[in-house]
Amino acid sequence: MEILIQQLFNGLTIGSVYSLVALGLTLVYGILHVPNFAHGAIYMIGGYVTLTMMVYLGLSYWLSMLISVLVVGTLALLMERLIFHPLRNSISINSMIAAIGMLLFLEAFAQLFWGPDFREMPTPYNEVVNVFGLTFTVQRILIVVAAIVVMILLYAFLKKTFIGRTIIALSQNREGAFLVGINANKVAMLTFFIAGALAAIAASLTSPINLVFPGMGHLVILKAFVIIIIGGMGSIPGAIVGGYILGFSESIGATYISSDYKDIIAFVLLIIILSIKPNGIFAKGEH
Amino acid sequence: MYIETKALSKQFGGLSAVNNVDFSIDKGKINAIIGPNGAGKTTFFNLISGVHKPTSGQVMFKGKDISTLPANKIAELGVARTFQTTNLFEKSTVFENVVVGHSLRTQSNLWDAIFRTKRLKQEQDQSNQKALEVISFVGLSNIADVPVANLSQEEKKRVAFALALATDPEIIFLDEPTAGVNPDETEELSALIKKMAQQGITICLIEHKMKMIMELAHKIMVLNYGEKIAEGTPKQINQNEEVIRAYLGGSASA
Amino acid sequence: MLELNKVTVKYGNYAAVNNINIQVNQGGIVVLLGSNGAGKSTVFRAISGLNKPASGEINFEGIALNGKSPDKIVQAGIVQCAEDRKLFPRMTVQDNLIMGAYIHRKTKSRIKQTLKEVYELFPILHEKRHHMAGSLSGGQQQMVAIGRALMAKPKLMLLDEPSIGLAPLIVEQMFDSIQQINQEGTTILLAEQNANAALNIANKGYVFENGGIVVEGPKEELLSNEEVRKAYIGA
Amino acid sequence: MIKNNTQKYIVIGLLMVAILFPLFTQNNYYIHVMTLSFIWMIAVYGLNILAGYTGYLSLAHAGFFAIGAYALGLLTVKAEVGFWLALILAPIITTIIGFGIGLIALRTKEHFFAIYTLCVGYVIYLLIDKWDSLTEGVRGLMGIPLPSDIGPISFESNIAQYYFILIVLLFSIFVIYRIVNSIVGKKLIAIRNSEQLALSLGISTKKNKLLAFVLSTFFAGLAGALYASFIRFLGPDIGSTNITFDLLMYLIVGGIGTLSGPIIGTLLVVWLSQNLQFLQDYRMLIFGPLLALLIIFSPRGIVGMFSSMKQNIQQKRDLRQKQLKKEA
Amino acid sequence: IDGNTSNNNSSDSSTKAETEEKVVNIGYTGPLSGSAALYGENTLNGLEMAAEEINEEGFEVNGETYKLNIVSLDDKYLPNESASNAKRLVQENATPIIYTPHSGGIAALQVFNEQENFIIGAYSSEPAITEQGNELTVRIPPSYHGYVEPFTTYSMERFGNKLAVIPPVTQYGQDWAEELLPHWEEQGGEVVHKASVDFAKETDFYTLLTNALESDPDVIFLGGPSEPTANVVNQARQLGFEGGFIIMDQAKLDEMKRITETYDVLEGAIGTMPLVEADYPGVPAFVEKYTEEHGIEPGSEAGFHYVSLYIFVEAMKAAGNVEDATVIREHIQDGLDALPEDKQVYVIPSIDENGAFEIVTRVSAVEDGEIIGIPID
């Protein structure tokens, strides 16, 4: 029983990170209609920027995270402008290739600029807490709470504000958006900015319990793809729920099935879901 | 009976797009379906051509139940259709579009393709022949090599006809074949439809252009909210109170 | 109010619209007639900024629209209801309409009012307001598109073949409502196949052929023009 | 669409060069890289059938490549089957597995299909990695034999391997050329253009999509088997998504849905990345943006770029024709 | 920011070299980009440092003075790329020796290295590599056999006999576990939990550790790259584990300390002796120089590559030949014997008949927050 609760909490932690990354990916999917393979690299840069601010400039954790959000958000925005915007009218495979190009670039850049080694991100919230037989560090609570807050804010922003809704509108018909007076280019940039920011937040939150290194994006990105498929591509609630489904199924699966095959669990889950519902769980009727 | 629907129904979620429709299509004639927007006309077509499976009820073709057959099997039986939004292979030329239309009448498989067997050659010739024939039938011979993307609406409609004709159909379902086409050209298209009927092909069409329908149709069914509210000759329909109220409005014969 | 001066629009090397002049006066209804592919939609796209003219000028209320982006043009008061509708298929009907009022997003109460008016015009949309726009029938979608354009309360509304795929009853109602919208102060530029109905509510028309204007003049003149009658009115 | 004749000439021209190539160079390294490129090309052609002609982007392609490679490796090393029999069996095994997976995967469409296959590819990779009692896992499968002699012909030398693989490539291109230009090929293209329309024309999309999928896995498996016999060592990485991305890159750079694209793209990217080696750590820093730029400025690949001038002229003529007709 | 990007200027040094003195090219193909780049760079750093030192003087073979030129190519950890690179190195640079630090690359090179006559400087602890009977493979690092016994004895004595094993999923990790487990049980120990960790996919180790600690072990066996391994140790302590660790030799205690910050967290961990702490004669000078150049202390990868290049040079001298790999290979033992003491970053008395170096290994443990050497009998 105790172990179950502990594992549920572990699943919650990891699921929060997955959800944040998947959210960014799903938002960008809405604009590009292409899975952005470079998203994992953006996440990685997010970790490095925060680390650099903390370790080399001695800034506080939160300030560093804020700077990372701005820097990485801007980076994502530039990527939209320089790469994806010119490609918006060509077939989607082209954008995918361009995204792969960016992925290669960013990883090479990180390796050159920060070196290929693993870095540790210090956290001010390292103390260990024991309650009701649960063990965790404050950082872990922070991950969960911060992720949920960010998600609620984002959801409210997208659903309740006009600007937020433009993101959804744009994802469905670009010219249509223009015709109601939306500056589609600005909104596309905004979306990328938000996606980048989410990735930076996710990376900054997890790095203290993990490490920062050029390949860190690979760890989450493939899972984020699984999530947005399970949740229905482009679906915001789908990305959130999918993230937690995966987080829980991993921690519970590792406990009660086999830890060696816990990665396969995610993919098998996906294959089963898609075999039954080829458009994902949250797919909505079209046509 | 040629094509017959029995208590045909289709639900989308809670919505009855087509509800309990009994209808029969007369062989060799021009049949029409009219009704307000969202009445279920396109859905009705989709049910017959196998795009959707009925929620309940049946579609009979020459006495055989085809309601659960996939769309391509129904096409093989000789049931062709066009789409409401013109649906063509935009990047290919008219000829390239139409030549594909006859592929369902071919038997060549991978083997034939790789070894370029006699059968393949024969069938390829046959498809080309057919394509040229139907292109000329719809009057597009002079632009057979132009990519479809560069054509006008009306020309595209003709290509859609040609494509349907290339499948060697017995019956063609036309979903708003003259939408977005001006009156002058509409007349030309209705002449073409008549010509198709004269070749012995049964026609069933959806249109909002009453003038054209009244001229062309032999029999009309009116749908409203998924239900059949009237059926009869143009004259009968034109005078049907319910139809006027639901659909035609004041200037009935506009 | 709107003035097109020697405008040419090209797709690649092909001039879909060639050196045309159009004048739309405040408060009027102007129709563009012409067979398919004559270039009407292209003109609309150019006015809305979706295509850039290769040469010529487009002026609206004395201001040049040429280099402006589509959203700026909407803000200036020109809204288009496009030929292929360009709805947001996975948003509800109501959200689609509300997005139409994007440029008025600061005045929520007014949006509510306009929304009510649109629903009065197309009651079926009220019934379907919580459905995804993409699941509507062709004609219903057309109504959403017109409704969405109305939501912007434009000074000049461009309607590209609004009657396409609509039932006769609805077409009739729609032309009535165009007239009504016009009387409430919106200038209308309309492209139509249904030349008779369109010319009846219009005060001026242009006839397109192969990207150029071949006939232009006030409604009466066009209605009595033999060739126009034959080609576009069909009687 | 680019006219097939031009495509045919490009292919024939390139192949003449390929046949003569070893006569001009004694450089083992060039021969090696070239031979490896031929293997990639076969795999890329497989990808092209599915992604280029049928419009379904499979990201499990490296997975099938790996299945073909491991099938040959395991058959020769562990089951001690003769090389030539193994070379025939390997693509067949891949195809059978491909058939099973295709049956389910093709229920999905577009990006769902892409990501579904991405996951399938990943599962294949994980299986190779974890099932070490069969595959030797990360330790890798060693000792895969050379093609065994056929009469007096031995495959010891680089040149012999070069020509052997070139012949298989030629055979693959020939088969694909025939398929693409037949009624079957037209059906596939019809599906790419509009599945709904294809269906209404009586084309069984299910059957034909599956056919394309199975064909693509066949060529992936064949290429994999050749790879195994050429490199003669296999590790799980050969099934990783990076390899799929590489193959995809070759296809896109060359020109997707064209007959000569796979050749041109593979040659270009492979040699480019070889030549960027001198940049060391900076290699990807340059290569990544270069790739993005190429895609932006020539979205239909190199073949597309060269043909677009031609097409422009063609289009102008069409339009003129059309205008004349309208005036008439 | 650490600009630790060791750019060898192969191109300019070779052009300069041609005019002045003779040059021996040494090939290297390894992962210099992608996820294994760190590992690749560490190995290359060792080689380059040795080459620089040797080139200060040059070395004399048959009365001619030679200098070394390291030609390195990136293979992204892929065997087929390694093969292409090796072909290129042989063709364009005539390298008698090609280093590659991964078993896949080694296996791919073994297909043709005898035919094209070059020695593979094989950095892999995989015994199969040398058991294939390849005549021109020299396997550099030690295998794990020597560690199992002392690790078991020490941990069992100090902490108890319940062992939880969570090695990395790599072959090396699995092989290690296979060797360790039977021995542990033979010594009267009990294996209470068995799982493995995949550092390429795992984002958080709490789940794994929660399960492992549920069985209340006294000792945990783990390993992998140093930094993530240290992270696992950290998290195990957070979750309340107080026992000892057996650290697989891939991870190094000193490198782990960079993550844990103190040795306190690592209390009771036993592993290989960190190079910097080892008492081999060549270590102090090497560590000092390396640290100066790279701003970070060297790990064993760098050390082994460094010393091995010296050995190869000595072998060339002994062979009186810088070109013929077969001849050089025959003189490796002479090279080992001739290796100056101050270059002995590892003590390697011999090479076995399969071509593997036989190395005197050292073991160390953390006691009271300090690294101490553990004697092996």
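Letters are used for the chains, namely A, B, C, D and E, taken in the order the chains are written, and counting of residues starts over at 1 for each.
The rule is short, and it goes like this: a residue touches a chain if its C-beta (ideal position, glycine included) is under 8 Å from a C-beta of that chain, and two chains touch if they have at least 3 such contacts.
None of the values given here were measured: they were computed from a predicted structure.
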**Asked** Which chains make contact with chain C and with chain D at once?
**Response** A, B
**Asked** Going only between touching chains, how few steps reach chain E from chain D?
**Response** 1
**Message:** So the centre of each chain is just the mean of its C-alpha atoms; given that, what is the distance between chain A and chain D in Å?
**Reply:** 32
**Asked** Distance from the CA centroid of chain A to that of chain B, rounded to the nearest Å?
**Response** 47
**Fill in**
chain A to chain E, mean C-alpha position gap in Å, rounds to 35
**Asked** Any idea how many Å lie between the Cα centroids of chain B and chain E?
**Response** 73
**Message:** Multi-chain contacts only, two chains or more: what residues does chain B have there?
**Reply:** 12, 151
**Prompt:** What parts of chain D, by residue number, touch at least two of the other chains?
**Reply:** 130, 281, 283-284, 315, 319
**Message:** Among all residues of chain E, which ones touch two or more of the remaining chains?
**Reply:** 5, 33, 169
**Message:** So in the complex, the part of chain D that touches chain E is made up of which residues?
**Reply:** 27-30, 32-33, 36, 129-130, 132, 137-140, 142-143, 227, 231-235, 237-238, 242, 274, 277-278, 280-281, 283-284
**Request:** Please name which positions on chain A make contact with chain E in the complex.
**Result:** 3, 6-7, 10-11, 13-14, 17, 52, 56, 107-108, 111-118, 120, 128, 130, 135-137, 140, 206, 209-211, 213-215, 218-220, 250-251, 254-255, 259-260, 262-263
**Sites on chain E touched by chain D in the complex** = 5, 7, 11, 32-33, 72-74, 76-80, 83-85, 87-88, 90-92, 103-104, 107-108, 110-111, 116, 126, 128, 132, 169-172, 174
**Item:** Complex interface listing, chain B residues touching chain C
**Value:** 12, 34-39, 42, 84-85, 151-155, 176, 179-187, 208, 210-211, 246-252, 254
**Request:** Could you pull out which chain D residues touch chain B in their complex?
**Result:** 1, 175, 178-179, 182-187, 189-190, 193-194, 196-206, 211, 215, 315, 318-319, 321-322, 325
